[in-house]
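Chain IDs A, B and C follow the sequence of writing; residue 1 opens each chain.
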Amino acid sequence: MKKTFALLLTLVMVFGLVASMPAYADDEIIINFPSIWVGTDSKAAYMSKMIEDFNAENAGKIKVVVEEQTDYQAYRDKIRTTITTGNAPDLCVLDTTFDIKAYAESGKFMDLTPYLNEGWGENFTDGAFDAWSVDGKVSILPFEAAVFPLVYNVEILKAAGWDHFPATYDEFFQMCKDVKAAGFNAMGQMAGDNAWSSMLWYSLIVEAIGGKDVYADGLDNPAFVEAAKVLKEMYNYTFDGAVSATASDVNGHFIARDTAVYLNGPWWIANLYKDDNAVDGVKLADVCDVATNPVYEGGKGDGKGLVTTVQGFLAAAKQDDPAKEAAVVKFLQYISDPERVSEWALSSGAMFFIKYTPSPETSLISQKFTEISNNASYTILHVNGAFPTAFSTEFPAAVSALVLNQIDEEGFVDQLQTAIELAE
Amino acid sequence: MKLERSDRGPLIAFLLPAIVVMVIFFIIPVIYVVVVSFLKWNGISAPIARGFKNYLLLYKDKAFTRSVINNVIWALVAGFIQVPLAMVMAIILSRKPKGWKFFRTVYFFPQVISGIALATLWRAIYSADTGLLNGLLRAVGLGHLARDWLGTIETAFPAVLIYWVFYIGYYMVIMMADITTIDSSYYEAAVIDGATDFQQAIYITIPLIKNTSLLTCITLASVMGLRQFEQVYMLTNGQPANTTSTIVLYMYKKMQDTNYGVASASAVVLIIVGVIFIVCIRKLFEGRSEQAKQLRALKKARRAVK
Amino acid sequence: MSENKIHAPLHGKDLLLAIIRWILIIFFAVYTLFPLIWLIISSLKTNFEFLAGSPFALPKVPQWQNYVNALAVAGLGRMLLNSVFVGLAATAVNVIIASMGAYCISRFRFKGREKIFTLFTAGILVPLNALMVPYFVIINKLGLYNTYGGMILLYCAIGIPMSTFLIRGLMDSVPMELEEAAYIDGCGFFGRFFYLILPLSRTGIVTAATFEFLTCWNEFVFANLIVSSEKLRTVQVGIRYFTNQFSTDYVSMYAAIVISIIPSILGYIIFQEQIIAGMTSGAVKG
């Protein structure tokens, strides 16, 4: 036993010595970038190509070192901790679950306004910074965009006797009844995990009822109570067990082709084209079409309003060294170059707050997403993006309580309101 | 053992590393947590002192009180159902039935399987449409009982709790290790007296492990029950309607909201509840062992009279 | 113990007990083996089969490609080595520190003894998630961010309360008379610790070591928090390689999990033999 331990200990020590850290040239500027655009993410391949090219072009001067982060929740925990302890990474990606306003006000991030005013800002879509700048300064850069049109299975609608997608919510619920009668589920809802699908549906209904200014009075707008009623009604037409379902259940049902309508961001489009998800050689995309949010009778939405979000912000830590600051900005400008972004969008299906000419090879469904996005009369954020993080952490509890009749629609809105107040 | 003067130096040297670690990695961080629990702080703006308000908020929050209740139930079930089950299996396997080595290893497997895998498996078992449990119920003609086990208020928490109770491997191994150190002459004597396996377990094995590995396991299991997080987080995320929430999950969510004050306050509550729990278990065992001694003395006396 | 009974025919009560015993043994075996079997079967499916089909159906064609993905794409080999290295190193240091501490608390009566032990026990209760910020600061201040040393130190430290608790629990059962006898024979502090107490409480130490190693092996939050280089990543980080912001490649992830549990099962079986070896050294309880 002693010998075994001695042997193990020696092995352990030798391994520790051998596995030493890589050395960098002294005058090379290292940009440390914990990134979630890695691994199996659709943006990963092109991102890593861009970084390789950038590092090659600036060999000996700048090196971007990516820290691969695949588990988004763990990534959030890490970024939050590093920022709190004053160790913000040189560059990172944030989403709306972070308190973007507080971060922008904190002064811990690089002020990008001067660089944007020098012409770089022209690359970005109009008004991209409006909602996120503080005192006219932009430090957290809205970068990856997402829109949420509806994708539906044409064959299921046909089987239910529908040759077009409903234009109003009354029609929509009629369609739901018909789809259910034909033996299918109308749409996928989920209250498990982060209740993502139900959160998106709720956002769409809120948009249809409340219109473009629905967030102006916070949760006091009566649209939120009415929308809760509609959301609850939808649970009658989803698959069994939606209360405990997660995103993989919702996705699974749609690719198993037993569910008519699917709601998610543009990143999911690639799955529609995957050979894995084809049945008898017919790709899912071939039986799918894209529709806009139906109109709600008496609602303020005009049918062309669109639910969107900022899927990814780029944030760079404030630097003391001007050379390093310049290097970080150089990299940011490199990856937001319209030509590169166009290729990036093509390879990943993602959308960006950058003006670019879409490649003609873009998939049909992607094109329809872009078209809907271009035709939108106004956009609103999804509810998770519009309210503080406490809203999104409480949302699954509130939805499940609503659907299981633990609370009524007013109680649903109250619960979310209380959660927000508790965090303030 | 009495402490000799010559032992004082080595004693301090032996105790010091553990104490240093405890101070740096537990005492100081916990002081930090306690301090933050009296603040309003989002981790980025300047913190504001707010006295006991965070604790008051916890007291008023139904989701939190539910979490505390769930944890207490969990700790009780772990300590007084899971561990006794483990003890029964430890006693059975330490009698070395055919293939005992194989079973002892197999029972331990769930401890090494990643929590993500266990959670997805049990989600699949409890699932409403393709679930194994509903399938079984329908197959034996109890289809009316089929339901969305994790999506129903009444069944979600029991479902989360029950599946874990039968993963006894770790506690079983601890107790088996202890049982094997029992002097075999006790059993030999008992066999000569005509004691059955059952009687041997009751009168020899259990009393001899009670204040060592059994107490260790009950304390451990209760603490694990109080600290429960990963399984709930991955299985239900505390839903439906916060009915499966636990203190650590609640705390974790408050951290996501960058509500560090309330998150820290809930951590402090957990530590307090835990200390109360441990003290109660020890009191219970001290009391019990006294009783057991008296009982044994009484029985001996009776036998002698006969 | 009961060898003389094995050949005796079973009657009535005994038979009933034997039946109950075997029902229990088999129930638990099925219950604990099921997840592993399910995991292996699922790891051989396509994602379509996993998501869209019944979760309990067999794959049409076993997808060995998933294992290739796990090993090649996620770079699991290096991560396994890292996990083994960090786990063993942290466990070794942890168990040494904890058994020294437990020895003092278990065998000597001194002022504040029970207070110190209560402190250790309370340490088990601390929800480590709450300590992300302080731990990050400590590791950074020590200059151990993104090093093996940082991970080993942190893992060793967070397991100290548990290990001390477990080792003390089993050290207490070593009879005091034995140590007193050794003391009268002129055996000093270190002699008693190394030659008497350590060997006799080997079961407790191995139990604590197993627990500590598994904690290291399964730990993810801090592995991700205090390390940034891919070269230092552990296997739990690797398992999550197939997760991204929007979806999870479950089948490849399961393949990665299956690969990652093989070393821990093997390690456990080897450790178990050590426990048995330790126990043949003498039955002392009484």
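As a convention for this text, a contact is a pair of C-beta atoms (placed from the backbone, for glycine too) under 8 Å apart; a residue touches a chain by one contact, two chains touch by 3 or more.
Bear in mind that the values here come from a model prediction, so they are computed numbers and not experimental data.
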Practice task
Name the chain whose C-alpha centroid is most distant from the C-alpha centroid of chain B.
Solution key: A
Practice task
Find the two chains joined by the most C-beta pairs in contact, please.
Solution key: B-C
Exercise for the section: Between chain A and chain B, tell me the centre distance in angstrom, where each centre is the average of that chain's C-alpha atoms. Expected result: 38
Fill in the blank from the handout: chain B and chain C have mean C-alpha positions lying a whole-number Å distance apart equal to 16
Fill in the blank from the handout: Multi-chain touching residues of chain C, meaning two or more other chains, are 132-133, 250
Problem - Sequence positions of chain A contacting 2 or more other chains - result: 77, 84
Fill in the blank from the handout: Among chain B residues, those touching two or more other chains are 43, 127, 255
Completion exercise
Seen from chain B, its contact residues with chain A in the complex are 42-45, 57, 61, 63, 123, 126-129, 131, 148-153, 156, 236-242, 253-259, 262
Fill in the blank from the handout: In the complex, the residues of chain A that touch chain C are 1, 8-9, 12, 15-16, 19, 21-22, 32, 34, 36, 39-41, 44, 67-72, 74-75, 77-78, 81-82, 84-85, 87, 247-248, 251-253, 255-256, 264-265, 267-268, 271, 276-277
Practice task
Sort out for me which residues of chain A touch chain B in the complex.
Solution key: 76-77, 80, 83-84, 97, 99, 102-103, 105-106, 108, 191-194, 239-246, 249, 388-390, 393, 396-397, 400-401, 403-404, 406-407, 422-423
Handout entry: Parts of chain C lying in touch with chain B, wherever the complex brings them together
Key = 1-2, 4-5, 13-14, 17, 21-22, 24-25, 28-29, 31-36, 38-39, 54-56, 97-98, 100-101, 103-105, 107-110, 116, 118-127, 129-135, 138, 154, 156-158, 160-161, 164-166, 169-170, 172-173, 176, 179-180, 183, 188-190, 193, 203-204, 206-207, 210-211, 214, 217-218, 236, 239, 250, 253-254, 257, 260-261, 264-265, 268-269, 272, 275, 279, 283-286
Problem - Partner chain C, residues of chain B touching it in the complex - result: 1-3, 6-7, 10-11, 14-15, 17-19, 21-22, 24-30, 32-33, 43, 88-89, 92-93, 95-97, 101, 103-118, 120-121, 124, 127, 130, 132, 135, 166-170, 173-174, 177-178, 180-184, 186-188, 191, 196-198, 208, 211-213, 215-216, 219-220, 223, 226-227, 229, 247-248, 251-252, 255, 260, 263-264, 267, 270-271, 274-275, 278
